[in-house]
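Following this line, the structures themselves.
Next, two complexes with subunit A in common: one pairs it with subunit B, the other with subunit C.
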Partner chain A sequence: MSLPTQSSGLFTEQVSEDKLVVSIGPQHPGAGHFRFTIRVEGDTITECIPDPGYVHRGGEKQTEYRTYIQSIPMIERSSLLDVTNITLPYCMAAEELMGIQVPPRAQYLRMIMSENQRIISHLYWLGIQGIFLGHSTMFMWPLGDRDIFIDLGQMIGGARITYSYCVPGGVRNDMPPNFKDRAMKVFEYFESRLKDYERIFFRSPLFEKRTRGVGVLSRSDAISLGVAGQVLRASGVKSDTRIDEPYCFYKDISFEVPVYDDGDTWARCMVHLEEMRQSMSIIRQCLEKMPQGQIKVKLSPQQRAQAGEAYCRTEAARGAMAFHIISDGSTKPYRTKWSVPSFRNLIALPKLLVGSHVADMPAIYWSLDYWPVEADR
Partner chain B sequence: MSSGSSPELPKAEKGIIDAIGKLGEKAKLIYAKPNRIKFSVQRDDLVEVARFIRDELHFDHATNVTGTDFPKDGQLEITYHLGSHDGGEELRRIILAISCRIPSNDPKLPTLVNEYPSVLYHERETAEMIGCVFEGHPNLGRLLLPEDWTDIPPMLKAFRLPGRLEGE
Partner chain C sequence: MNIVSGTFKALYAALRQLPRRRMTMRYPDVQTEMAGYYTYDPKLGIAKPGYKGRHILWLDKCTGCQLCSIACENISQAIEMVKVNRNQPNNKKSIFPQVDYAKCVFCGLCVDACPFYALGMTEDFNLVSTSKSNLVYSPEKLAIPPKITRKKVEFKIEKELAYHE
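For the complex of A and B:
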């Protein structure tokens, strides 16, 4: 059965005495402008039709009018929570087409910023998940702690959120000398905070009751639907681009990829929690191993790329992020296609919501870490 | 663009190329480099090749679908990027692309939703962005574009962004 989602405006339709069609969104149903329509029977969702596109800005088209470097600030607007991780695969693809080798120090700086960004993104996610589950403290604590990591990013990037840090050829700024000390203090503080988070939230009966067995995605479905990131790893698939196809110097770093077999909202939340710990460990190792040296290769402002195509992927905060760039040998890309994890995870939403209770909808929705701006591009 | 396989390719990539080589003329190698392989197929063979890749080569999901307009050739190119989770460590690092060139004046392609359910939204997006009709797709309604979009599909080269001059 298909519902009238197009040109019908917002509606709540009484289908029969016990059936109701409810339109949710697009005004920020928690995070991001996104609408979906559900059909409910009593308290149970029987159908869900996502309707994305409210924040579609035609980013892919706009890159065709800009040189490779000009596109970067525009690309990162798509994923403000995760700016380094969305510009990194773009830069890697551009570098592959330009035939540039990035200096080792720049690669380490990219890893540090990527992992810091992952923590920033996960903390934002955790805050919203907290309030969705009715836990106000878990809204305030992560968003407060997130600021400390934004400060760390600011020390390297120079801005708080949109630092356009990765550029083709390397990174914009080097790290200040006091960064390492500051980072170590932050990590020491945050590790103890994570224990607090676990104590008051992740191990609390409220959280367990609201998330265990809720919105279960089986392993085979996760694979066939092509979902990415935490959704995949919570369904028992050990997939992480940093391990599968290591970029930068991830092959020299040891870290764990958290995998849970449960496939439910609880597992997706636990993957997020564990990833923050691993990210801190990765930054620590990077700071130890980082060599001195150049941070970028100087390029012409009108740098040409060879004709051909490149498909580069990285592990962003929400999952595998990839850029497909087709070049005709000019100074601008002929075509860019962004394969973003949020768009890939959207397909799981109807699958998970059907059969769930209405009250579980926010928890399931946000456990996918679906970021509409990133998905719409 | 280099074509053909280079001698320093890892074993897994060579194995895939040899396996697809059994299909003969149906799949033509465009390029092969470590971790990335691209084949070109004809429209009528797309579903058969996709089934072969899924069943014999264990590429179990699609990560991306790109639609590109080549007005000089009068063609659209639809590229599917396929990945593998369960095919083992060697396959997980590989992205296998299959592309299909179709005439711009007859933009039709059979859907791969039955072979790869993960292309559901990717194909729907490609349909509205480039104007390619995926025959057999359950729903090709508007996804990202506004409901009242009346212009040509925006990723066609003939569509110019408002405010941008020719050649800018």
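For the complex of A and C:
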């Protein structure tokens, strides 16, 4: 027997004492704007039906009514934790249609901002994962340290979260001269802080008890479900767009892609932790290798793109983010399609939840790093 | 990992924080030093980094060309051109931008659209108001540079320590 879908209207159902249907969200503190229904037998989840779409705002359609540059503040708002990484593939696809070569310095600045944004996004994820596992300290510390990285982003971007920093043609402004010193200080501080995180959370026996062997996604399942990002890498697949299809100057930068074979919640958490270290190392290398020069190709606000199609994929904080733009030669795109990692990871949720305990549900759910606003677009 | 040593290490990491200075800033009483104005140089085509807070309008440079209003058109429709009684030879129609901060998203693309160095963004982020009409800033109100009277504190980062003074 399957759960009634939304289209079936009113229904009555026989329930017994040990079988219950529990609705989680959209008001559940932690689900985000996202609802899913689980059927439990005793303490074991036997079925899970996700119901996304509560924050669907028609972003893809809205881009058809705006010029290329006007879409940027709107696109950003669908992935607030990850703004540079969502505007970057859009700008790259638009530049491909316009036939523009972005100056090298602008590409390095884009890399710095997107890696900084990755750390910000992972720290937010870590805070929520901490409180989901009942660890209040791991909620306070990452959210406090996240502010330091937000300040770093603010030095370049001029705003705390929504910078609208990448525009077709390059970036809007150069970095301030004191950025490098500040960034080095922040990284030195944060590296010592990550060791504290490990002591109190990641290497703590309580954390291992709650996450080891919980919500295991096998390598073959991960590949056949088509999941992305940390979920894929935690299942033993070495897949990272920055290495597989290098964009910007990622081919000149040496960094490691953390891969774990366990496929459980613990592995997904450890991938996040390692990625923060790698992001810092990438920013360090970028700051050293950055050339002087132009940062923007000046475009008209009513810039026309050539008729045709462009597809661009980058590695966002949650996985591969792709934009497909079809242009008819006018100032506005004819159609855009966003392929977002959150939505691709959602399909793994029913697979992971079935058979696990209700108490493990928050840990499994948030280990997917599902961001409803990004998934619903 | 051993349960005893793991628990002890976790407790040790927490106890190490006890003598440290706290990171929290007492915001309404103090605030951090902000970067300067965000301004745009139309000749170079790039902007000067700064904080994108509320706008500042240099009235004598504004020609009423409406480019800022057009730039905002499909973003938030926050900028409206209004008539102001000013005898200004470079602004024959005598129209100036008026910004509605209930709608503005602070993307700063209006600043990037201004070809006459007339618009910039200040470090003033405190626009709290009890009524929506107070959030509509007339051109004369936008021309006044913000005065931040709050005490400034510095955010210091050391090797294992981050705190507000």
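The rule is simple: the second predicted complex is superposed on the first by the 364 of 377 C-alpha atoms of A that agree within 3 Å, B and C clash if a C-alpha of one lies under 4 Å from a C-alpha of the other, contacts with A are read in each partner's own complex, and residues count from 1 in each chain.
Quick note on the criterion: contacts are C-beta pairs under 8 Å (C-beta built on N, C-alpha and C of every residue); 3 or more make two chains touch, one makes a residue touch a chain.
This structure is a prediction, so every number in the text was calculated from the model and none was measured.
In this superposed model built on subunit A, subunit B and subunit C occupy separate space and fit side by side.
By the document's definition of touching, of the two partners only subunit B reaches A:311; subunit C does not.
By the document's definition of touching, of the two partners only subunit C reaches A:301; subunit B does not.
Our angle of interest has its tip at the CA centre of subunit A and reaches the CA centres of subunit B and subunit C; in the overlay it is 120°, to the nearest 10.
After overlaying the two complexes on the shared chain, residue contacts for A:65 are found with subunit B and with subunit C alike.
Of the two partner chains placed around the shared chain by superposition, subunit B is the only one that A:53 touches, whereas subunit C remains out of contact.
In the superposition on chain A, A:74 contacts subunit C only, with no contact to subunit B.
For the three-chain overlay built from the shared chain A, the minimum Cα spacing from subunit B to subunit C equals 10 Å.
Once both structures are placed on chain A, subunit A residues 65 are touched by subunit B and, in the other complex, by subunit C.
Contacts from subunit A toward subunit C in the complex involve residues 65-67, 69-70, 72-74, 137, 144-145, 147-148, 151, 154-156, 158-159, 162, 164, 172-176, 182, 185-186, 188-189, 192-193, 196, 199-201, 203-206, 208, 295-296, 298, 301. Of all residues in subunit A, those touching subunit B in their complex are 2, 5-7, 52-53, 56, 58, 60-62, 65, 223-226, 228, 232, 237, 239, 244-245, 307-309, 311, 313, 320, 322, 324, 326, 334-335, 337, 339, 343-344, 346-347, 376-377. Across the interface of their complex, subunit A is touched by residues 1-3, 6-7, 9-10, 12-14, 16, 23-24, 35, 38, 45-52, 70-71, 73-76, 105-109, 112-113, 121, 155, 157-162 of subunit C.
Subunit B meets subunit A in the complex at residues 1-2, 31, 35-36, 38, 60-64, 66, 68-69, 79, 81, 83, 85-86, 89, 92-93, 95, 97, 116-122, 125, 129, 139, 141-148, 154-155, 159, 161, 164, 168.
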